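Chain lettering (A, B, C and D) follows the sequence in which the chains are written, and residue indices restart at 1 in each chain.
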Amino acid sequence: MTKANLSGFVKRKMETKEQKITVKAFGMIAEKFGSGQIELTGISTIEELRKALFDQFPELKNMKFSIAINKQLASGNASIPDGSEIALLPPFSGG
Amino acid sequence: MTKANLSGFVKRKMETKEQKITVKAFGMIAEKFGSGQIELTGISTIEELRKALFDQFPELKNMKFSIAINKQLASGNASIPDGSEIALLPPFSGG
Amino acid sequence: MKTKRTPKNIFVLGAISPDSIAKSIANHSTKTDIGGHSIFLGQVRSDEKPEGRVIAIDYSAYEEMALEKAFEIREAVFAKYPLSCMHIYHSLGEVKAGEICLFVFTSSKHRKAAMDACDELVERIKAELPVWGKEILDSENHVWKVNS
Amino acid sequence: MKTKRTPKNIFVLGAISPDSIAKSIANHSTKTDIGGHSIFLGQVRSDEKPEGRVIAIDYSAYEEMALEKAFEIREAVFAKYPLSCMHIYHSLGEVKAGEICLFVFTSSKHRKAAMDACDELVERIKAELPVWGKEILDSENHVWKVNS
């Protein structure tokens, strides 16, 4: 087996495994949907995450929030690594 | 006697009277020349004051200082009213 | 000589007391290369809202992210200004109107660096730290604080 | 409603204690329209001079003029910024290295006014108040402080 074939094999294997992420909510989102955390599977991009969240919590569509992946603000349609900790962050109002 | 004559008379009278001013020194000037106050007579402008001070304290020529007339910084060749409190102010260094 | 800095806790439970501020100031008296301290204090306002008057703010945070972010901000501000010291404290939980909820403290040899760094820290803290204030009203309602 | 303000004493004998700063902060907890306080503290530095190391500064002032000037500055800064409170304290006499010699404290509904006013006050105090610092050296000499 060549090196190229091997890495191709590994990639296919990972794609078939459903990845699992944890989603936490804060501020007024936590108030609306609970401050615990939920687990989602089969989601690997921000777009997929938004869709899944809006399906489950339609009220979120009317709320302004950013998304953090592993404590870093995510922009655009970033990909979400397996096992990520996702956070839904309404506008900050500290100080 | 007309009004004009009267005021002219008063003016002449005041000019003949020698006016008296008090001079205080602060900071490094006070250190050099004492922190008490001296009285000077016959001085009615900043220029006259500087000349009198430089005659009496030649070292002042090499020192940077501002002059206040009655607690207001004086500029140029301001005139000094009778009875004024004059202050010799080296550069401020508060705070 | 630069020492490696690591994230430290910025959160305190409840209001920040004037006494703790005094202690923090007094702790700097041994640092005799400091010429100026700049301090910003956030105080909870008793604003009138359509829903009622604010009597307290209940602060919550995404703590782990906030501490990482605070560390990132610290490092950036230390790199930008010649500071001797920098301290940041933010309340979590309930802080009553009139009490202090934010304490930012910078010290430098010359005043300008301390002042500019303090201003920048306050702006960045308000804009970038994942912290939320729930304004508790005298009507027993609440509204979520919005930063301007 | 504007109240007529009159000159008040800004001078304190010796160092300004952290406890007095804490008291001043605590006094504002009843003013629940305040959202931000900005504080500047001047601290005596132990600079190395060719003539020796600074161990204290002995402050003197043309007090009457300084109080008039401080009042003028206060009024101008109050007119320029929407402030709730403003406090200025400056030491006279000896203040040791590491101790506080200047305390400027502004409070406002929103942070920006408090910060900008505080910065402006400090600059004006240093530039315009007839106050002089005599730096006492460990060599028992002294030099006159020069503001930058």
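To be clear about the criterion, contacts are C-beta pairs under 8 Å (C-beta built on N, C-alpha and C of every residue); 3 or more make two chains touch, one makes a residue touch a chain.
The shown structure was predicted, so the numbers you read here are calculated from the model rather than taken from an experiment.
*Asks:* Which chains are in contact with both chain A and chain D?
*Replies:* Intersection of chain A and chain D contact lists gives C.
*Asks:* Count how many hops through touching chains it takes, at the least, to reach chain C starting from chain B.
*Replies:* So the least number of steps between the two chains is 2.
*Asks:* Report the chain whose mean Cα position is at the greatest distance from that of chain D.
*Replies:* A
*Asks:* Measure off the straight-line distance from the CA centroid of chain A to the CA centroid of chain C, and report it in whole Å.
*Replies:* That gives a centre separation of 30 Å.
*Asks:* Let me have the rounded angstrom distance from the C-alpha centre of chain A over to the C-alpha centre of chain B, please.
*Replies:* 78
*Asks:* Could you state the distance in Å from the CA-based centre of chain C to that of chain D?
*Replies:* From the centre of chain C to the centre of chain D is 23 Å.
*Asks:* Residues of chain C touching 2+ other chains?
*Replies:* Those would be 42, 111, 122.
*Asks:* Name the residues of chain B that each touch 2 or more other chains.
*Replies:* Where chain B meets two or more other chains at a single residue, that happens at 95.
*Asks:* Judged by the touch rule stated earlier, which pairs of chains are there in contact?
*Replies:* A-C, B-D, C-D
*Asks:* Across the complex, what residues on chain B touch chain D?
*Replies:* 24, 26-28, 30-31, 68, 71, 87, 89-95
*Asks:* Please name which positions on chain C make contact with chain D in the complex.
*Replies:* Within the complex, chain C touches chain D at residues 18-19, 21-23, 25-26, 28-46, 97-100, 107, 109-111, 114-115, 118-119, 122, 148.
*Asks:* Report the residues of chain C in contact with chain A in the complex, numbered from low to high.
*Replies:* Residues 42, 59-62, 64-65, 68-69, 90, 101-102, 122, 125-134, 144-147.
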